[in-house]
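Dropping the structure in here first, questions after.
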Amino acid sequence: MAPVDAVIAIEKVSVKAFRLMLLARMLDDKFASLYRMGKIHGGVFLGRGQEALSVASGLSLRPGDLFAPLIRDTAGRLAFGEDLVDAVRTYLGSGLGPMRGRDGNVHRGEPRKGVYAMISHLGAMISVINGGLMAHRFTGKTGSVGLASMGDGATSTGAFHEGLNQAAVERLPLVLVVANNCYAYSTPNDRQFACKTLLARAAGYGVEGVEFDGTDLEESLDKVNGAVQRARAGGGPQLVIANLLRLCGHGEHDDASYVDADLKSSAVGRDCLKVAEDQLRQEGLLTPETLTQWREEAARDIENVVAQVQREPGPDPYQEDWSALATKSLVETQWPS
Amino acid sequence: MVITYLEAIRAAQAAALRDDKRVFIYGQDVGVFGGAFKATKNLAQEFPGRVIDSPISEDAMIGMAVGAAVSGMRPILEVQFADFSTLALNQIVNQAATHYWRTGVPCPITVRLPSGGTSGSGPFHSQSMEALYAHYPGLVVMAPATVQDAYEMLLAAVAIDDPVIYCEHKYLYYHLKADDLFTEPPVPVGKARIARAGRDLSIVTYSAMVHEALAVADELAKEKIEIEVVDLRTVKPLDTDSIVASVSRTGRLLCVGEAFPWGGVTAEVVARVASEGFNLLDAPPMRLNAKDTPVPYHPNLWAAHRPTARSIADAARRLLRM
Amino acid sequence: MAPVDAVIAIEKVSVKAFRLMLLARMLDDKFASLYRMGKIHGGVFLGRGQEALSVASGLSLRPGDLFAPLIRDTAGRLAFGEDLVDAVRTYLGSGLGPMRGRDGNVHRGEPRKGVYAMISHLGAMISVINGGLMAHRFTGKTGSVGLASMGDGATSTGAFHEGLNQAAVERLPLVLVVANNCYAYSTPNDRQFACKTLLARAAGYGVEGVEFDGTDLEESLDKVNGAVQRARAGGGPQLVIANLLRLCGHGEHDDASYVDADLKSSAVGRDCLKVAEDQLRQEGLLTPETLTQWREEAARDIENVVAQVQREPGPDPYQEDWSALATKSLVETQWPS
Amino acid sequence: MVITYLEAIRAAQAAALRDDKRVFIYGQDVGVFGGAFKATKNLAQEFPGRVIDSPISEDAMIGMAVGAAVSGMRPILEVQFADFSTLALNQIVNQAATHYWRTGVPCPITVRLPSGGTSGSGPFHSQSMEALYAHYPGLVVMAPATVQDAYEMLLAAVAIDDPVIYCEHKYLYYHLKADDLFTEPPVPVGKARIARAGRDLSIVTYSAMVHEALAVADELAKEKIEIEVVDLRTVKPLDTDSIVASVSRTGRLLCVGEAFPWGGVTAEVVARVASEGFNLLDAPPMRLNAKDTPVPYHPNLWAAHRPTARSIADAARRLLRM
């Protein structure tokens, strides 16, 4: 049996994790409803069903680590310390957000705080994390890790391969977390790869791998944290495969009617939030009252932030300097001027 | 009957699959799902085994198309957004585009690139990449602006023995409608089209910007200014003769494109007119492009980033005063 | 014990293979000497030390199959039926060669005969082979396979990953032959990948794999042929890893001084031509006299062809139509005209 | 002392490594081997742990540089040949080039591209890719033509807060020599240089073609024709002011580039001069590029494919008669 302290620590983490999952779910739901009301300029992409894994990624990291979240990582971002307002500002394109209305929705980050801003091209963030870790190595910053999120579909990109192999050659503390949600947009696993499990890839890169049920919060916390610890301790890159199901469309424009009904009713189709709730209840860590209270608090926080951001001005094209260079002396004259 | 630009693209693919056994379609989610934009809706069902979902592997998608084409097929590729074709660039410009010249064996592939900006799409789902492909030898680069061209040029792309980059504009998908697929006499591939005749100023453009230019022509017509709008249709080959002929009628050239400002179609058009039609010009040729930053997400910024009817009209007025 | 017929067949193949290896080695040596005499316009890249594996690739294929040879495949090309004169014409840039002086040295092919013309970008030919095999599938051409050659370094490219994964998803009869010659230019394996053996990659794609001593002709014939047979029989993609050493520079400009002396004196450093010669001698299939005779024949053939090609005219720029399009009506006017 | 263009590149990297702890070099075979062209010879030995061999993974090479740069380093990347940068294009144009604009955090990487044609190198080891990179917002694109510029601009590239594409010409590596690294006063980055003054015709060009143009100027000087040669140095930003100023002196513009003819530097230069300096031109502006095919292998074809002193002189004479 684990010592009492450790049990309490784990419990606390799972409680914290659950609250973050709840917040993420409700924030995502809010984005979906704003989308339906036509208040969002582009697409909306949710993490529904993936919050347990995502929150585990965010909570396994500590300040000084590097994180490259992907589109379904609302929970992980919040867990790593993202301010609610940054998420909302980015979705609403506020000029005050970290992306200043230049980029939107899930394409946000704060590199100086260790959160890289994803580009859309799948797989492309892995090598960027590697580079950040190389910088840490060069500057003697030891003990940090970098975690990159990924989907099952993204494992087919050349960038995935080059990035993981690069990390392996340099033996970098990269944790590559694959949310295998059975689909890449409409494309099922069997049109994406032919290996029985993506875990089989680990050996081909000479890295450690672990696979688990990503609908289970405690499992997720345990396994992701384990991988992060191994990387931190010098064990080299870690390939983490979590099996789960996306419980929403690819984006909110998509009804996901292509998702196999059998999968939905199978174990991977469980709602991780419900699973976590049940776990916490059974462990006596959650009462209906607390849940209601947490929900209310989350709802209030979200409503407040959304209301605030909706009052904020959009970016002003006349205030923009319309240049993509940091070196202002090299900016080209626009034609015609 | 009303048919959209997107439906025309779907119809052309259906016709190609129906009429030519060598045709197949390959791309992410193009199968039963019908594609991210539904450009292949029902085609997998209608043509079993010939509309195939690919893994998220843009490089391998084009490579596979090249191998199939060189061995007698006529693949149509859908890249989910043009922006992701950066990952296929090598196979396009170095494998497909050089193949005929190096070996004498043609490589007839058609690469569909959903291109151009729409509100809220941001830096990575809005790009216009025709300049990259047109720069490399060995490719035909199309950018249809009308429903009829969307249909006819896609069929032509499949029929042509060379690799074709077919830039279809996402904004036109649903916004552009026609009463019929065939409303005008067909124009051969490689020829520009006079979308509207006029004698005061030529606006040379392509793809979605043709419609902005036409709106400007409408507006300026109220002031008795006659704008001629030239729709390039293919940016490579570039129909220099028709462009120069238009400038010879109007004496003034405004070239408009939605792509980034350095290089690209507008530079090539203006450079050619300056070289070949210098004495026809009554005023300096003018260009209007997007701004030199990534394509912004917020509609306020986006509208200021790319040319619009308003900024085109401003430029036209300025040019007319010169 | 194998039936007598089969033994004879194998012997015959190994004899044929040895003669082709000898021819390839001598042709390569000729290219090297032409290079030193300044008679070659660009680089020269040899297959020295890799002939056993290469010839096994070429001999395992039959007409109707597809082949994407790489830079060290003189032997395999000859084995698959390349005419000596095509190789020489390409190296010398003759206007009469398959590449008409437009492309040169190792960048040659005749797609209509099933030999694709490699581009330089490593890994890029795998998906092209896949496409050819898809064409076969579409047109009902059954029983054909496609073989792509590759180096250890090329396994780090995104194209390798995307191509092999694509073949696996489509379950294509692709045979991917990796000549692991321990170096990619100057870069040793341990800067290229971190897996113990590249064979470990096979499982990650869900394909069969085999690894062997590529300095051994009989082993090479046996293993490559086995993989080709499995692919032909519907077993899906095959990953073939052959260990050997490049017994020359990356190109003839390179003295390969970076090659580890221990490797040179180890088993992978054996000269496959010598190994094969010894094998054949021991099996009583080769006498010193035959060897001398074969050498003389090869030398004469090579000298004749080189002499012929050297008399051939180079390509005439005034005869070129200077257009890269097959559709002549779409060729752009050149500026200035 | 005699120093080659290649040695200048090596020297600049040595100086950068020596003076700035944030600098490291990453690329295929750049370590103990010293690089395919020996541009990093001995640097791994002199600066242990800071000159690192990469796997053959161009996409990951640039991605890693971006991550390192964003976290405070100043990586120099060597792509073995410019032609292979097609495989890194995505990371360059979508990751590195957009980073500052999107996040406000600069991404100071320097990507060295051994560029341009040499005899016998063929379609895949000869390309000039500056136009692709200049088209995308967010990049500085350099193409040094002299030994001094090779040195000074590479140091500037490392110092600049933006991603720089540094196109170094392989033909100049050994052919171009100088007596000293510093023979002329330094020119700021972004400014063109008058490589030779003249008043009859401006040849605007860059990289190896500067030397062809200078040879033409020498030759035509015998006929009392004074050619002004403008060396662009950076193709983005493009120093329009200096170009237009030169044309204002000569009235005639011939723009020469070694790249493919559609689009690119010559189109951009001619288009800008036509727009901004229209009234300064006494004759139509003229362009001279390579032909619209891949770069050929055989020297006969190669010499006819790209501009040479001879074809430039022909074009200049034609233009002077206009």
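Residue numbering begins at 1 within each chain, and the chains themselves are lettered A, B, C and D in the order written.
We adopt the following convention: contacts are C-beta pairs under 8 Å (C-beta built on N, C-alpha and C of every residue); 3 or more make two chains touch, one makes a residue touch a chain.
Note that this is a predicted model, so its numbers are computed, not measured.
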| item | value |
| --- | --- |
| Partner chains that subunit A and subunit D have in common | B, C |
| Required minimum of steps from subunit B to subunit D, each step between chains that touch | 1 |
| Chain located farthest away, centre of subunit B as origin (C-alpha) | C |
| Euclidean distance of C-alpha centroids - subunit C vs subunit D, Å | 36 |
| Euclidean distance of C-alpha centroids - subunit A vs subunit C, Å | 45 |
| For subunit B paired with subunit C, centre-to-centre distance based on mean C-alpha positions, whole Å | 40 |
| Sequence positions of subunit C contacting 2 or more other chains | 99, 102-103, 107, 119-121, 156-159, 162, 165, 169, 191-193, 323-324, 331-332, 335-336 |
| Per-residue multi-chain contacts in subunit D, two or more chains | 54-55, 57, 59, 83, 86-87, 90, 94, 97-98, 101-102, 123-124, 137-138, 236, 238, 262, 275, 286-287, 291-294 |
| Chain contact graph, described as a line, ring, star, complete graph or other shape | complete |
| Residue ranges of subunit B in contact with subunit A within the complex | 28-29, 31-33, 36, 53-59, 81, 83-84, 86-87, 119-125, 261-262, 286-289, 291-294, 296-301, 303-305, 315, 318 |
| Subunit D residues within the subunit B interface of the complex | 83, 86-87, 89-90, 93-94, 97-98, 101-102, 123-124, 131-132, 134-138, 236, 238, 259-260, 262-268, 270-271, 273-276, 278-279, 281, 283-287, 291-294 |
| Subunit B partner contacts - residues on subunit A that touch it in the complex | 40-43, 93, 95, 99, 101-105, 107, 119-122, 153-154, 156-159, 184-187, 191-193, 258, 314-317, 320, 322-324, 331-332, 334-336 |
| In the complex, subunit B residues that touch subunit C | 22, 24, 50, 54-55, 57-73, 75, 90-91, 94-95, 97-106, 137-138, 140, 160-162, 188-190, 234, 236-238, 240, 272, 275 |
| Contact set on subunit C toward subunit A in their complex | 156-162, 165, 168-169, 171, 190-196, 198, 200-207, 236 |
